[in-house]
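So, here come the structures, one by one.
After this come two complexes, each holding subunit A, first together with subunit B and then together with subunit C.
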Partner chain A sequence: MAAQPQDVQRAETVRFTLDGQQVGAYSDETIWEAARRHGVVIPHLCYKPDQVGLRPVGNCRVCMCEIEGERQLQPSCWRKPSEGMKVSSRNERAVHAQKMVLELLEADVPDESYVADSRLDHWARQLAVGKPRFSRREEPQPDLSHPAIAVNLGACIQCTLCVRACREVQGNDVIGYALRGGDSHIMFDMDDPMGESTCVGCGECVAACPTGALSIAGVDPQQQWAWQGQESEVEE
Partner chain B sequence: MSAASDAVGADSVRHRKRKRGQPKGRQADPASLAAVQEALGDMPRRRDMLLEGLHRINDRHGCLRVEHLTAFADELRLSMTEVYEVASFYHHFDIVRDLSTQPPALTVRVCDSVTCAMCGADELVESLQGKLGAGVRIQRVPCVGRCADAPVAICGQKPIPAATMERVVDAVTAHDVVPETLTPVAYAEYRRGGGYKTWVECLTGTRDRESVIKAMEDSSLRGLGGAGFPTGRKWRLVGKEPGLRVVAINIDEGEPGTFKDRYFLERDPHRFLEGVLISAWAIDSHEVYLYLRDEYAACRLLLEREIAALQADPPAPLPAIYLRRGAGAYIAGEESAMIESIEGKRAMPRLRPPYVAQNGLFGLATLEHNMETMHWVRDILQKGGAWFASQGRHERKGSRTFSVSGRVKRPGVYVAAAGITLRELIDEYCGGMQDGHELYGYFPGGASGGILPASKADIPLDFDTLQPYGCFIGSAAIIVFSQHDEARDLARNAMRFFAHESCGQCTPCRVGTVKATELMGAEHWDQALMEDLSQVMVDASICGLGQAAPNAMNCVIKYFPDEVA
Partner chain C sequence: MKQVTTVCPYCGVGCRVKLNVRDNDIVAVNGANGPANEGRLCVKGRYGFDYYRHPNRLTKPLIRRKDAPPKSADLMLDPANPLEVFREASWDEALDFAGGGLKRIRDQYGPKSLVALGCAKGSNEEAYLVQKLVRTGFGSNNIDHCTRLCHAGSVVALMQCLGSGAVSLPVRDVMKAEMILLIGANPAINHPVAASWMKNAIDQNGTKLIIADPRLQDLSRRAFMHLQSTPDTDVALLNAMIYTIIDEGLTNDAFIRDRTEGFDELKRHIQAYSPEAMAPICGIPAEDLKKAARTYAKSRASMIIWGMGSSQSQHGSDNVRCIIALALLTGQVGHPGAGLHPIRGQNNVQGASDMGLMPSRFPDYKSVEDPGQRSRFEKLWGCKLDPKKGLTSMEMMDEILADHVQGMYIMGENPAMSDANAYHARMGIAHLQHLVVQDIFLTETAYNADVVLPASTYFEKTGTYTNTDRWVQMGRQAMDPPGEVRQDLWIIQELARRVGLDWNYAGPADVFAEIRQASANMAGITWERLEREGSVVWPCRHEGDPGDAVTFIDDFPRGKGLFVPCEIVEPDERPDEEYPFVLLTGRLLEHWHTGSMTRRSRVLDAIEPDPVCYMCPHDLQEMGITAGDPVTLETRRNTIVAYVRADSKVAKGNVFMAFCYYEAAVNLLTNPTLDPEAKIPGLKYCGVRVKAGGVPASRTGFDTQATRGEAVV
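The block that comes next holds the complex of A and B.
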């Protein structure tokens, strides 16, 4: 889905309005992708367009936008624009949802990040989300059983990027999503310690994790970067 | 034999991948593999049979041992994690990591959802502590669909209506654990009464598709699971989809307060099945899936029996009919989550578009209906669409089946005119309020449809009439409460239910329901924060569960402000 040189030649066949501006989109493009080509980066956490093979799933709900005439807000990473659609990613209602999602997620993660540039903290700063007004969940225990990868689910926002990285990109299928509701969590094999699982330590999940819940074992958080600083130039 | 050789094949693949040194992670051991193969029997080893396979193992061994799950993954040629994430999603499975934590042989489930809580579920659970012996555990569970008999306990699979400590102890002592016996209109009797003639008329050309769909449209019948999509229009839309089409019927009745589907199923299952067959014919489908909630154990036995009777002597060639069993998950009643569950996955709602009508079960165009919607098809075709439409009251059309529970003299299922008001419903059908109880408020649509005060007891109850009040009728589950109850307690019970039943997929619902439950525990509610939270849940949740979860909370703020100020 990432823009390739040959794609640049493609014609924009769909015209829609994004935050009051007329813009064009390719026929197979999502609102998020079209917006980025036109210089608007909508907040996003469970969606990582620059790592190959990670399809959008629209679960974090931080990229919500308002589409005129639709009752619910829609995830821009999932929805495709249609001709004449009027999309707002920055109006009051959309921004309220984006900020509340960030506040809910921030409420449950520790104050100290496990990486230098947690994407969650980044977007919370960008949208000026203050100190969360909700109480914090009981922090899950760290899992340091694996020699190469540290697991700190306290920082996990359950975006499932690691599940897709492990299952769909690498085909290892070690990481899954256990239980449900507030109890749901990322797990390995049969909810085993990572070091005792069938994990081969490929690191795809670490590269995908936006918050450092999965990070390189034994390396100081300040020396680790979520998403390797990608996208920073377009966002700032 | 073939199953065993498949397993060897999967094993050798795994070893081939890691031939250097020891294989990493759990390995299926031969004894567990044999135990699993024995439990599965001739079940096809397909991905969509994952949930069914888990049931077979859980039924056979009383729990899901992790080593059995490991063997089952090998047997289905799935990764361990995909098996575990499904097994751990559904509340009716007990995953056991070591045998010392194996659950007791008998489970007594006590419903603690809205009506049962109002009628003393907490006190019942309290009174049962230490009374049932070591081989029995007591579990609080969400609505079991028997709210007219609240409080309800289920001993094994045997429901105990109006449960008291003594009745539960008696049932446990007598080991009264098998599902109750139901005596519906059975197959032969249904045929004698003209049953299946309407369907045969469709197949033989006496009726044509256009006239049948037209009659459904004229009837004004709308989807009775709660969403209210016009039935005739749905048939027309799905019928136009290219490629193969499939029918999927939702009998995952789980909205607290709702028990109408069970009511009809227990009495007249073939009237429902005939409706299903007609709908399959209407969209030219040859496959029908019925998804039944696991709590309705007696209905499952009944359906198995009556479908077998129909298949043994069908009046005309039947489509394939598959009965699938849920495993304790309210969210599986969401239409796309049900499809995921039938496919053997976690019941997590899909993002739309695409809609299930276009891309549903196994990627096929899917006609999904609530059970009760199908119950009315035969009558509508025999008596005409106008007959059904003519039944409304207060300018509404059609009838509605109300599940009424709570502080009325005669709770139960009542078929009444759509548009009837709560006051009329209580007075004309339910024998009035219980002695000593005055109407204080009511849930018009189960736990998700909001709460209205007594001053709003004269509003017509139907689709679309309650939205201006921040409510909806949904599955028409009416829970009536009195001056002896507090709206805030009932609303918090509803929110706790949604937190328990959230699938965990999207942030607003997964985190929002938990935080809202906490906020609602405060003596004075933080209404500004609740308003912010409610808005993101309504606006940004993936499915109706999260979108509707704040309704009751918002209604308390709006209509019962004195309770939380």
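The block that comes next holds the complex of A and C.
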């Protein structure tokens, strides 16, 4: 009888310092994953751990940490630790960056969330980010053309989890990311209303959305959770 | 709010889901990490759960009124108003009437006068009890279920050639394969989460996908080759591949020598089937047939996945024999990423077959004609058993009309919609003296019932379900049944009592304990482990056995794999001048089977509300038909009207339609001619005439939307 994969003890082959503690990491682990195993959950929005096929891309910059000797902060969801690395996820500089990103993103989304527990609101609360000081943007119109999925891009933070869910997890290739700069947004096919696009309604994008920009149509926001179905995130 | 982790009620992929339940009502469904899905779901699983609360739900037992209109194949009822024909009854009265009627017929006409259809949507425990009720209570093997219309051809061929009817490796092993051969299946529609793993394999690993199917599909875009063959020419196509593999020396000689028999005969037989000779028959250029054969044979690990397109045919078992021969010739079975996967339709069609819901097989596929096995089950069940095979589902209808069968018990099946030449099935159903139907809605089959027992939906009961990969998974009760609805296990047991069986199963765990005794392959699976782990794969022969997700590694259950040469059998109905088109049938992404569940789901009904068929745009242009208009489809058997869509995936000369529309039931048109051994009808092939125009049904669906918009075509 062959050993089952879950029974195999993995060896921590990399030693590094996380917020002053000596910790070990597996050879293929990111800083974020190693940190979580050691009880530290670094804020994250564009990264949904534990879902097969949803790779980290490091674009929301909420999980930034400082690495001693490096000029720039690094996204912990994407960067892997190396031997002897000194990582700070909670020092002043890292937390300042994390909070600033959260505040900027909060300024982009409406006050009323489309789901009961937006991950953005959750992390803003956790890091005590107050009402954003920045001006609001003009909100795009809601797209309620699909019977199952409500699209409110006003709450979209361009994290691209839905794009990866649609293209890389389910392989449906409907959601794309278009245009540049302030005009950039996700779109269905050639910017069609979702209900008229080639969307097959699998809902993988809704499950991946951290803010409720994609939510279940016809269900009270108070009864919906972003990242619902998440199995094993240790936090709170 | 409570969260219940269970399994999706729809297809054979068996995705694990988490239900958010509030006040005895499901609010939302999320994917959970199960072995088949890792959190993924499709539109049916995620948004198609609300059928259980549709107003048409049966909540009280019904008995046919004395002054009801006479039973008839033409009888159409409004499922919202069952009291037009039925009256409400207490459970005691309904069960006495149902069981008493069956008992009276058995005692008057003998055990062969009763037949039953079990259910591939129900749990293993329910399936086990239904077949036990028939074998020990009715006294015959007249028990079947929808696998007859599904993978009967595959099971016959797999049992004959390998000795086991189940898959040899899980779908997710496409991630380990170098090449996937997909025949007669459209997983992006029918097994969407399985298809997502195939897409991942292609996108991430560069796995080559070769599809053989008369109709293009969503996966074709990613395919290395799509062999768009002439319908009903599978044997020609596969034999040409076999020829190429032998002719070009691509065989795995050690594998053939050590693990197979019958090679020499196959080699002699195959000489008449060169790709050049087969190309005009199957419509694929000889070079493409050779290229496909070489790709399959030369890959490090090739996996064959096939579906109804192969098995639902007058020569369905031959198609599968050829598929098996490909794997045996090249040794593409039993090592990582290589194997045979007849992808299962219903969520528990694997389990229902494992449980012996078949006229020729006891649980664990033991033949009823094998005296040793029979005496084993006689000992387990404490009574004499019928040594003769029973009737298959299609044969049942013939025997009813020949007055050899008078009584029938149907649990959760809808032959009035799903049988080929469904009008014949409807005539059979209407001809019965006594019909007991157990279902959640008043189905087209139940219109002619004498008594209807309101059953529980998937979410209202606990039981185990076996997916296409052989994972036995725990389905957990999330809600209480509405009204006077009872759980199916209770209903079956009460019926059994009324035909004279003294059963006292306390619940599904009790039944499962007996299943372990009946099936050596599941003997090691305990209820406690299922509750703890959620999923355990069989074969699992002793407690603590992790189970084998991959089989046939060292040998086949029958010992050596058998080559069975197959000839091309002419179908009994080719397109001709009178009926020039080929009618292909299948399913839609949004609608499940006969539509009784999905057409009552708000989201699914909103996406696909009206009966539609699909034709090649060139044909529409030539015939002057505008997409979206109604067309009339006529075959030798019947006529229906549906809206037509232009679809370039459909080849010229073909019409495709799904069988989920009661108002345009395509199975009224299909050809009932059976595969001689598997007794599966050729549901996917007959001649049809298409005429512009026709009057579509004035009412579609089941009023699932509060307000209805224009027809979405």
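Brief remarks follow.
Here is the rule we use: the second predicted complex is superposed on the first by the 224 of 236 C-alpha atoms of A that agree within 3 Å, B and C clash if a C-alpha of one lies under 4 Å from a C-alpha of the other, contacts with A are read in each partner's own complex, and residues count from 1 in each chain.
Following the convention adopted for this analysis, a contact is a pair of C-beta atoms (placed from the backbone, for glycine too) under 8 Å apart; a residue touches a chain by one contact, two chains touch by 3 or more.
Being a predicted model, the structure only gives us computed values, none of them experimental.
Applying the stated contact rule after C-alpha superposition, one finds that A:Ile216 touches subunit C and leaves subunit B untouched. Of the two partner chains placed around the shared chain by superposition, neither subunit B nor subunit C is touched by A:Glu83. In the superposed pair of complexes, A:Gly53 makes contact with subunit C only, with no contact to subunit B. Contacts of A:Val200 after superposition: both subunit B and subunit C are touched. In the superposed model, A:Glu92 makes contact with neither subunit B nor subunit C.
With both complexes placed on chain A, subunit A has more residues touched by B than by the other of subunit B and subunit C.
In the superposed model, A:Glu168 lies in contact with subunit C only, and not with subunit B. Shared-chain residue A:Phe134: touches subunit B; no touch with subunit C.
Contacts of A:Glu112 after superposition on the shared chain: neither subunit B nor subunit C is touched. According to the touch criterion, the shared surface of subunit A, contacted by subunit B in one complex and subunit C in the other, consists of residues 200.
On the subunit A side of its complex with subunit C, the touching residues are 1, 4, 50-53, 147-148, 168-171, 200-204, 207, 216, 218-219, 223-224, 228-229, 231. Chain contact summary for the complex, subunit B toward subunit A: residues 24-26, 66, 69-70, 79-85, 88-89, 329, 331, 346, 351, 499-508, 510-515, 518-519, 526, 529, 532-533, 535-536, 539-542, 547.
Listed in rising order, the residues of subunit A touching subunit B in the complex are 57-62, 64, 72-73, 75, 78, 93, 96-97, 100-101, 104-105, 107-108, 133-135, 137, 157-158, 167, 173-184, 187-192, 196-200. Of all the residues in subunit C, the ones that touch subunit A in their complex are 1, 18, 20, 22, 27-28, 30-33, 38-43, 46-47, 188, 192, 195-196, 199-200, 203, 222, 545-546, 589-590, 602-603, 606-607.
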